[in-house]
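Structures for review follow.
You will see chain A twice below: alongside chain B first, and alongside chain C after that.
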Partner chain A sequence: MSAPSTASVKGDHFSLFGLSRKLWIEMSALEKKFLELSWKLHPDKFVNASAEEQETSLKGSSQLNDAYRVLRDPVARVEYLLEIEGMRKEGEHKQQAPPELLEEVFELNESLDELREAKASGRDLGALKSRLESEEKNFQEKLGEVDAQLQEAARQWDAAIDAKAGDSDRKAIMVRLNEMLNRRSYIRNLVTNVQKELQ
Partner chain B sequence: MAYSDKVVDHYNNPRNVGSLPKEDPNVGTGLVGAPECGDVMKLQMKINPDTNVIEEAKFKTFGCGSAIASSSLATEWVKGKTVEEALSIKNTDIVRELSLPPVKIHCSVLAEDAIKAAIGDWKKKHGVEVPVAEKAAH
Partner chain C sequence: MARTVGIDLGTTNSLVAYVDPQTGEPKCISGPNGSSLCPSVVSLDPDGSIVVGEPARRRLLTQPERTVYSVKRLMGRGVADIQDELKLFPFRIDPTSKNVIRVRLGDKFFTAPEISSFILRELKNWAEAHFGESVDRAVITVPAYFNDAQRQATKDAGKLAGLEVLRLVNEPTAAALAYGLHEKQRGHVAVYDLGGGTFDISVLKLISTAEGDIYQVLSTNGDTHLGGDDIDNLLLAFVHQRILQQHSIDISPLSELAQELRKEIISIKHQISEKESATLRFPLPNGAVFVQEFERPAFEALIRPIVDRTMGPVRQALADAKLKPGEIEEVVLVGGATRTPLIRRTVQEYFGRKPHTELNPDEVVALGAAVQANILERGVSNMLLLDVTPLSLGIETYGGTVAKVIPRNSTIPASAQELYTTGVDNQTGIDIHVLQGERELAKDCRSLARFNLKVPPAPAGLPRIEVRFLIDANGILQVGAKDTRTGEQRTIEVQPSYGISDTEIERMLEESIEYAEQDFAERQAIEARTEAETILTATQKALGTPQAADLSREERETIDAAVAALKESVTGSDYKLMRKRIDELNNATMHLAELVMNSAVSTALQGRKLAEV
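This part shows the complex of A and B:
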């Protein structure tokens, strides 16, 4: 990279950290690199520089912070990868709800409805709450399963990068990653809703 | 964003809320969901096997006003129609009737999917091949 003394930053979050687009990232190395780059780009170092350089340092710092936040989080990292690989376009969500979950999702919503009604009418909530708690636990387990599957697909992605796999192989893995992200966010939202009501 | 009068009307006075016995061989159940908003929609219809006429339709939807209005309207529309007529209902018809804004179009898609799913379930119970799939094959 021909980065001169100025704080110019280009490219995606991975390349900013000198990483290839692999999903497994060594956290301690990432943090070290972050501190190193932060220091290099820190606006304090540019107080006597030209306005242009100050501006670049500021932009670079904020991009660095964004990149670090995204890469540190394993789920955000996958979302970001799919975005820069052109798999997840903003506002273009023709996604499928996981069909085998719908039955349980529907029941969960019915329980939530009952709980809201019971709350409003001051009825006893004990039995309803324990039912919802067990339904919540059920979905928490599903969340754990999705996370495990997501990790597995991430490993496959890395292996494909290492093996310099062709576009169609990579695409197939990305489709799976995307599916799992959708599932995950769907279940995640459900769990959040239940927790809100149970409070 | 303001809802149209028709959406508000369906939301405040939803038609045909409820359920039909799932095990009834003449009842088709469609359960569909939208991942982006977490909506779930259940649409059921009781179909006369001799005439193919939809005699009864019920729904229950967990979701936003537009999703509820779309499914409420769908039950109103399918009642009294034959299976074939019901299958020709397009989500764009619902969008037009309810004046749904672009961000709520997926609610109407959900309602169309629910109609198709319910009829598909009924056909499966009667061992009828789903003609929609046949058409798509060639």
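This part shows the complex of A and C:
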């Protein structure tokens, strides 16, 4: 295996696409720009070029693809923004239950345990399953709520950028965005676990 | 510049194709027997030479000990991976091999990339014979669902065959390229590719832009151990059971008899794709003949489990592309196994539209590879292929779980940076384990590589090493590291978990060059002999014309001597000597040729036929 260069390329995912660090992105324009840049950067265009140019193409096109992958996904986009703004460090995501959900999470985990036990002892699963299904639906709704809140906070962020708001205002919004991301990933994990058990 | 070709290195058959510069259309190149299909079979002759293709296939029955087929199943795999296949395929594995399998042919052992390189070299020869010039660059196709090790093994095979591999292209993507060119399609396309040993499904978006057409792969899925071979094995098991019941004969799956039975069963499989029933008649060692009538419905019931196994990946690929079956505008069938009516029907029902089968399913992948080779050769073009990595790339973390750093279906090249630090004071290294796969635990994923990241001694938590994982346009992993405090770049020595080391490759390369020189010399000798024959005949003819009388005595003597010398040289095998003698005879007959030519011209001017001269 050869070694790719780790020399960091100037600019972030937003600037690569000529965008400011705002969270609302027009998807068809993003795709158009992605295809346009792909024509220029893709390694297929540099097969007969010098090793140096090939290296630059590999670096440039991988960065383009990484950027498009992140910006295309609304949640990954928020995570990335917080990361480059220094508000979210990799590996430090909180996985604690949001306090107001504690009781419901506790009940859900109990139901999950019961289902696992019932499965192990070959008991009838019908009633347990339908209870879990309704609990799952409850958390799905909460996920929808978090997504709506996340969108609202994203709008506030964009407005703050437009208004050239000060650092403290921006920071407050980012703290909120970060909390919602954590909350979202917590609930999503719960839902995924339930779905796995119900399968 | 030497030619660039596209190669489909298949489980059952391999093909080589190029784009005709006049028409711009891709074409397959035929071998000596007139067929474009080169059976992916390799045999080691007792005299030490390598036999590939149809002649090798015939040896499956006569010299099974020295012959191997379906070697693609072994590419990039370890002995532990192939225990199931060993029950069904007559691979003779070196019992000492572990992470790189070595197969015995006669008295020698070869790795899967070496055996594949013999097939590639054969196709290279076909192409060189076709163009009359050397071919040293190629685009080679791989199943889209091939992992890093399988891709690396394919690239190694190309290198061993003396080919610069410009790009590994995914088979369904290549098929889409060939079809796109052919049908001028736009929108969402699904390619269902069931080959001899592998299954792929890819979903693409064909986009027109100002600069040209983009073929963007949205998602891919598959099974690298599911194919037409499995249908054969299923039928074989069924017939085996019947023979055991009716005649109490237990045919060992690795025996020659089983090979013969397999051949008959493949023929039945082909027949029943064309008609409603087929009858197997198989003579048994006890003198009896086993007879089994296959009706289409019963046959389909038997093979349905295989067809059903393809549908899981199909559903997953669509879900990953965030599309519903009805949103797919075109469906393309690729691979010989898709001739099976049950498969055509199943795919058509799922997508609600008739799949494309206009292009020969055996050739379409090679044709697409040729299109991509042509694009790359020219450097600039109005077509661009954006492919994806089929499997997520992950790093093992505490507790044996896997942290995904590049998700599956990411457009490649793709990369990820991870920052590492130390846990104890003066720690000198950090172990990193890179894996590929979708499962949560490292033990369920495919190990790509393990390496120890060297760290300068420092208090715990102080070092900051950034490791960059990059999947290149071939879908192959590269790793680099940087000390973010000092900015120092580092190359990481990564020993692949399943694969051949660079030194091993070098050694094989040296050996393969020996083979290559033998091959080359032999081919050159054959060509020189043919040419010698042509010039000898022409000289004989010219000497018989009245104009020959105008030659001086010296000229005549020189010609006679050159003829004798050339005749003598072609009885040997030194092609260089033959070439030299051909040139000498050419020089000696220069004046004679002029005389004959002038006379022919003046004869023509007088309006007389040459035959009357």
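The rule is simple: the second predicted complex is superposed on the first by the 184 of 199 C-alpha atoms of A that agree within 3 Å, B and C clash if a C-alpha of one lies under 4 Å from a C-alpha of the other, contacts with A are read in each partner's own complex, and residues count from 1 in each chain.
To be clear about the criterion, a residue touches a chain if its C-beta (ideal position, glycine included) is under 8 Å from a C-beta of that chain, and two chains touch if they have at least 3 such contacts.
Source: prediction; values computed, not measured.
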item	value
Contacts of A:Asn182 with chain B and chain C, given as first, second, both or neither	first
First (chain B), second (chain C), both or neither touched by A:Leu190	first
Chain B versus chain C as contact partner of A:Gln199, first or second or both or neither	neither
Partner chain in contact with A:Ser28 - chain B first, chain C second, else both or neither	neither
Touching partner for A:Tyr68 - first (chain B), second (chain C), both, neither	second
In the superposition, chain B vs chain C on chain A residues touched	C
First (chain B), second (chain C), both or neither touched by A:His42	second
First (chain B), second (chain C), both or neither touched by A:Leu58	second
Touching partner for A:Asn109 - first (chain B), second (chain C), both, neither	first
Residues of chain A that lie at the interface with chain B and also at the interface with chain C	none
Of chain A, residues touching chain C in the complex	1-7, 35-36, 38-39, 42-49, 58, 61-63, 65-66, 68-69, 90
Residue ranges of chain A touching chain B (in the complex, touch as defined)	93, 95-99, 101-103, 105-106, 109, 113, 182, 185-186, 189-190, 193
Chain C - residues contacting chain A, complex	166-167, 207, 209, 211-212, 214, 216, 375-377, 379-380, 384-386, 407, 410-417, 419, 449, 466-468, 470-473, 476-482, 489-492, 494, 496
Chain A-touching residues of chain B, taken from the complex the two chains share	31-36, 38, 40, 42, 60, 62
